[in-house]
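Each in structure tokens, the structures are laid out below.
Next come two complexes built around chain A: one with chain B, the other with chain C.
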Partner chain A sequence: MKYKLLKVIDTAGLSFLSPVVRLVTGEEPRKQLQDIARFILVPTITFLAFLWLWSVVAPKHKTKAGEVPTPSVVWDAAHGIWRFHDRESAKEQGFLLIGSARESELQRATARLKEVEELETRAQQQLATIRDRSKERFETAVAPAKTAYDRKRDDYRQFRTQQAAELKDEAALLRHSDSATRQEFLTKLRRNAETEEALKAEVDRLKAVYSEAQELTFPEVKQAMRAATLLGEEKQFLTKYLDMLGESSREEKLATAEQRLEDTRSRFLSTTDEDLYKLGTNLLKQEDFLSTTADSRYAKPWTLPKQIVRSLLCVFTGFLIASAIAIPIGILCGLSPTFMAAVTPFIALFKPVSPLVWLPIVMIIVGGFMPDPENHWLVVALSKVPFIKNYGIDPMFISSAITVALCSLWATLVNTALGVGSIDKDHMNVARVLRLNFTSRLFKIIVPTALPLIFAGLRISLGVGWMVLVAAEILSTSEGIGKFVNDMYTNGSSQSFAQMFVVVFIVGFIGMLLDRIMVFLQRLVSFDTAPAL
Partner chain B sequence: MRLVSGDTANPKNMNIRSVLLSTAALVGALHADPLAVEKSELKLGFIKLTDCAPIVIAKEKGFFEDEGLQVEVIAQSNWKVLLDNVITGNLDGAHMLSGQPIAATIGIGTEAHVVTPFTMDLNGNGITVSNSIWEQMQENDPSLDVDQPEHPISSESLKPIVEDLLAQGEKLQMGMVFPVSTHNYELRYWLAASGIHPGFYSKTDLAGRTDAEVELSVTPPPQMPATLEAGTISGYCVGEPWNQQAVTKGIGVPVTTNYDIWKNNPEKVFGVTRKWADENPNTLIALTKALIRAGKWLDETEGDQLVHREEACRILSQPNYVGADYEVIKNSMTGTFIFQKSDVRDMPDFNVFFKHDCTYPWYSDGVWFLTQMRRWGQITEAKPASWYHEIAKKVYLPEVYLKAAEALVAEGHLEDAEIPHTEDGYKPATTDFIDGNSFDGHKPIEYLNSFQIGIKDDSSFATK
Partner chain C sequence: MRSVEIFNLAKFYPNPYGEPFKAVVDFNLDIQQGEFVGLIGHSGCGKSTVLTMLAGLNEISDGGIVVNGREIDGAGPDRAVVFQSPCLMPWLTAFGNVMLGVKNVYPHASSNQRKQIVESALSAVGLADSMKKYPREMSGGMQQRVGIARAIALKPKLLLLDEPFGRLDSLTRMELQDVMLDILHREKITTVLVSHDVDEVVFLCDRVVMMTNGPAATLGEVLNIDFERPRDRASLLQDPLYFRYLDHLVSFLTERAHLRTEPRHYDSKSLLTFTGKKIESADELSQAVA
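Entry: the complex of A and B
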């Protein structure tokens, strides 16, 4: 039992857990405690130290464009992202609610809206008071710098005009003077210019002081603003939510449409003085409208959780394409040195190309194949597959996936070639003696032997693909994590940087999970006991 | 549903359903029959700028739904991607720069016949310069060195800076958002009005720098403040919230807005491809109806107060729309504009979405953009006046607008007086420009030849 468990842990690449298992079963407690300290405690401590360092250093680094968020701000941003998702899901469900469930939800939301409205008014008032107060404080703080600057600037201007006038007058008198006097005048001019420059420098210094004083901000204003914003957002959400539950809910809309259809129908059947053609076409239109309303759903915007799933879908699509190309070619390369020689230039040439270069090219090619994407057979076919249909497969998705494939296939290709190339000659000779045909040779000898290396290649490919994907999505604006990053960046809100940090952790975490999965698969197919990194 | 965490019990226990049903019935009575739309699920693209508001509001306030349209509104990363997505059919329609449908139709950049039935807004851009340029401008013109300098500020005080740099063998660098954007033409107009040459485009010079004294380059709007801070450019022309971002963060100073350059100039349009418009005529009318209602909603006033703008800002500040901070969006959208920390002004017409016959697709707007494209050499050959009118009529679709507006009048959402009843679709001649030049949409060649800086065409083209 114990060894079975240990084996599973080891295969899964979670070897840091094995000391715990061993300790529980009482095997060499001292050694196990040491191992636990080394493999669990030390990483935990370093991670905590990192968080601490981050929260200390971050507030000290500020640029005009923003400041580096502290862990708590990032945590807040993560909450914000989740809140947005949650609210949009609520709207989506609210739109479809019917009967008493809708009514009770309506009442609940109305009550909450009332509460929030009161809170918001209060928060706005508070914000206004704090603003007024800080405005006064701001003015008192800035006033001395401003007066000093204004005074000096006026002095400087006055000096300049006055001196210029005086010197001009003097110069007018010099028309008939000798060169010595003129020399003297030149010195005077120079001295004057120097004084002027010194004065100007002083003015500039005071101006800098003044502008720096203007940078003064009050954290309490920011806080009050944030509080008011949170409530304002909730109010906005509740108003819309109530609308989705009430007047705009599907049930309500269907009722209205049915009512009108009924009216028109009875008019159509009984009227004597109306244009029957017009009424009839109207009736048909209304029938259409009713059926579209019956199928309608809330057009929910993309939120991060759904974008993450789409990104994963995209990376696996790309990964599958890459594997489907790389493994066969890799095997051929490993079997035939001639074929290898033929392919090498391509590998060398295309391997280093950046995804940002591939993507536009791929986009044009894919676009060429899909002039009318919505009616293209592939898109139509995919839009009928359950699960996948929710993720709107479009040319951008396909382009991103192909870009992922183009960037990630090389690792698998090279590793496969290496794996196949290093098969023991004796094995091949035995196969020849046994007169195994190519298929048997391939599946009995070549692939099994090369499998560990193939999987090592696949693992690298998946890692590369995941890294490439975010870049590809940013450039192609294909929905996914990359699009999220791009949107948050272009939002330029006070939360943008923090949201980016959230993405760093999400991308990192998912990348780690993918890597672990590949390690697990690799362990399953190999006898290799080297530690998984 | 966890979100609505308030008390579940409503003490009054009123029957909301019946109240709502009766209102719904009342509203329903006003509704005319919905159009038989050819396509009910649509994807519309937009760029994260406050002037995408009509599309966002039409969605959030349910105006699209009233027309039987389920609309997904998708942010695009830049104008090129947006246009390509519309042309390839990934998007049904989009928030576009006024110059984009025209340029696409005549083949500047990507060629495709793009049309517009709806102008989304007027004004809304600003020109921001870096702090150091602003200081030098103040030195050149001491009257600018006060807390609230007099407006409009021309580029006169910028001229010595440009000349100094030229003497050192350098050129002042400025940013705009797209070669055929309003911003490009406005920035050029502002510079040229004081005799600064912003450079010509030509068949071989697609960057538009031939003879330039100031070099303009394309930078995506969201990156403007950062690029300015890095010193790559010394100034830029862009829409909101990117001017207010710069001033609140202390990166630069907005010196002028396009309201001063050309009072009530057309800014963005709603564009679709000709092919799409032909395949979905009723859908296009339905879309236009919803957008007109959104524009009207945005500009609704009580007394002098714009009553819906704060709610609009709240909606726009959602991360899936413009996403900038509510407080930043609020400045320009509610009619105040921060020029400097010490200079906050009321600009009630900074963003116009409905007033001044804003939403109507005027042929004369198209002609103006065409004259600017010719003035700066993007249109490489001289064209007769008739061509200008022909292209404007190819791109702008007032007939669709009027159908939509009349339907809205019938439904009681619009009053007849709110539709511009024009004879020929041209605005009257105006001199509301920073240089006082007069523009009459009927006379493109005369207008082209009235500029000091710019390509001029033989006056015989005026009558061809």
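Entry: the complex of A and C
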């Protein structure tokens, strides 16, 4: 049992857990504690230190999108992203609810709305009282900056007017003076301008200090504001949700449409004084409307979880394309030095090309194949596949996937060629003695030998693909994580700044997960017991 | 009946800065059906080269090899090889490794028949219980047994052993030598063994071919081993003749391997002592042994 567990842990690449298992089973506690300290405690401490450093350094840098978010703000943003997803899913489901389920949900939501409304009013009041209470504190905190600024500004104004008047008077007296005196006057003017400039700079500096001080908010105010905003958001959601459950729900819409259709139909059949042509066309239109309403769904916006799934779908599509190209070519390269020589220039030339160069080219080429993407056979076929149809496969998706493939296939290709090329000479001798034909040589000896290296290549490819994908999505505005980042960047509020930080962690985490999966697969196909890195 | 005929066999390796390097020249040898021939010589003298040429893994530069009336051209399962290292496929079990060749050699056999062939070959080397094991789960001796099973499962006309016991400890080596003798006694396969272990060749072989030192190595002496078969190690070790054979072989390797003479043939009646002196009478023989 213990060794089975240890083996599973080792194969899954979670070797940092093995000292814990060993400790629990009482094997050399001293050594296990040392290992735990090294492999679990130290990383945890450094990560915490990183979080601390981040939370200290981040607020010091002001940007046009607000402060750099601290870890807690980022955590909040992550919650916000999740809440948005949750609520949109609720609306989507509410739209489709029927019968008694809809009724009961309607009641529940109404009750909750009432509750939230009360809470929100209370929160707003509380916010107001807290603001009032802190007003004085605010004024006293800001006052020194304000007085300093005011005083300096007045000084500056006074200086300017006074000096200007004095110099004007002096100039009036100089009308009949000689050139030397005039020269002296010019110097005086210049000196005066310089003094004025210096004063102005000082005033500007004080103004900046003052406006910065004005941004001072006290933690309790911040907290009250946040509570009020959260409740406000919930209220807004509930109102919309109730609409989706009530008047805008599919059931209600269908009922109204049916009612209207019935009316029109009976009028069409029995009327004597109306225009039958007009009524008839109207009737047909309403029939159409009824059938579209029956299939209608809530127009759910893209939420990050859905975008993540689409990105994963895209990266795996690209990865599959890359593998399908790279493994056979890699095997051919490994088998035939001539073929390798033929392919080498392409590898050397295309490997370093950035995804940002490939993508526009691929987009144009794919666009050429799909002049009418909606009705292209591939898009139509994919829109019928159960899971994939929810993710709106379009030319942008295909272009991104092909870009991922173009950037990631090289690692697999080179590694496969290397693996096939480095096959043991003795094994080939055995194959010759046994007179294995080409296919059994390929599948019984060559491919199994090369498999660990092929998987090492696939692992690198998947990692590269995941990195490339986000860039490709930003550029192609294909829905996905990259699109999310792009939206956040163009939208540019302080909240979206924190959401971009959330994306960093999500992308990193998923990348790590993909890598672990590949390591796991690599270990499964490795016949020797040497652990893969 | 002649099974193998080697005539004027030579191997040259290209040398970019001069004449081709002559590894083996003028090697002539006939091997009878069912005969066990040992090939012995100093390391680097080209005995493995001769063997790989017999196997068809090494190109023949001059001369030729005829096996069962046909000149060989490339490798084939009629000449099975047991390599010095077991050379098993690490991703296949013992069974799978033996099956690899069996599938190809018996294309018309049913899967059940093939299975039987593999199982009997593995049982013959004493691995009936370890068929499902992977190479990494087996000791070096067991792996070499699989190598032997893989060779004999092909029912070859000629079995080529390239220092198959060289990397094993002496106990395992003795075990495998007994296994080998046992199998060959039953199957009567013509066998060529390359070795640098004089005990091994005297114990196993019907005839020992001594090769002169390289470069341009060739056949030096041939010694017939006249022990009856089946052979028993314990009684052989009691036999004074056994040590006389050893003496002759060692004396060749130390005293005469560098000489270039016409190949000479020896048997139990014409053995040389360590100093190369010929022994005429039975008296002298017992004296020399003492």
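Here, the second predicted complex is superposed on the first by the 392 of 533 C-alpha atoms of A that agree within 3 Å, B and C clash if a C-alpha of one lies under 4 Å from a C-alpha of the other, contacts with A are read in each partner's own complex, and residues count from 1 in each chain.
Note that in this section contacts are C-beta pairs under 8 Å (C-beta built on N, C-alpha and C of every residue); 3 or more make two chains touch, one makes a residue touch a chain.
This one's a predicted model, so the numbers in the text were calculated from it and none came from an experiment.
*Asks:* Considering only touches as defined above, state whether A:R435 meets chain B (first), chain C (second), both or neither.
*Replies:* second
*Asks:* Now for A:K135: first (chain B), second (chain C), both, or neither, which partner does it touch?
*Replies:* neither
*Asks:* Now for A:P448: first (chain B), second (chain C), both, or neither, which partner does it touch?
*Replies:* second
*Asks:* In this superposed model, does chain C or chain B come into contact with more residues of chain A?
*Replies:* The partner that reaches more residues of chain A in the superposed model: B.
*Asks:* So in the superposed three-chain picture, is A:G232 touching just chain B, just chain C, both, or none of them (first/second/both/neither)?
*Replies:* Once the two structures are laid over each other on A, A:G232 reaches chain B alone.
*Asks:* Which partner does A:R297 contact after superposing on A: first (chain B), second (chain C), both, neither?
*Replies:* first
*Asks:* Which partner does A:Y241 contact after superposing on A: first (chain B), second (chain C), both, neither?
*Replies:* After superposing on A, A:Y241 lies in contact with chain B but is clear of chain C.
*Asks:* Applying the document's definition of touch, where does A:R87 land relative to chain B and chain C: first, second, both, or neither?
*Replies:* A:R87: touches chain B, not chain C.
*Asks:* Determine where on chain A the residues touched by chain B overlap those touched by chain C, and list them.
*Replies:* Chain A residues touching both partners: none found.
*Asks:* Hey, which residues of chain A end up touching chain C in the complex?
*Replies:* 424, 426-427, 429-430, 432-437, 440, 444-445, 448, 451, 527-529
*Asks:* What part of chain A is in contact with chain B in the complex they form?
*Replies:* Per the stated touch rule, the residues are 63-66, 81, 83-84, 86-87, 90, 93-94, 102-112, 115-116, 153, 157, 207, 211, 214-215, 225, 229, 232-233, 235-238, 240-241, 243, 246-248, 252-253, 255-256, 259-260, 282, 284-286, 288-289, 292-293, 296-297, 299, 301-302, 367, 371-374, 394-396, 474-475, 477, 486-494.
*Asks:* How about chain C: which of its residues touch chain A in the complex?
*Replies:* Touch list, chain C to chain A: 55-57, 74-77, 79-81, 83, 85, 87, 89-92, 100-101, 103-105, 134, 136, 154.
*Asks:* Where on chain B is chain A touching in the complex?
*Replies:* Counting only chain B, the residues touching chain A are 1-10, 13, 16-17, 20-21, 23-25, 27-28, 31, 33-36, 40-41, 48, 59-60, 62, 65, 68, 70-73, 75-77, 81, 85, 88-90, 131, 135, 142, 145, 220-222, 225-226, 229, 241-242, 245, 249-251, 311, 314-315, 317-320, 322-328, 341.
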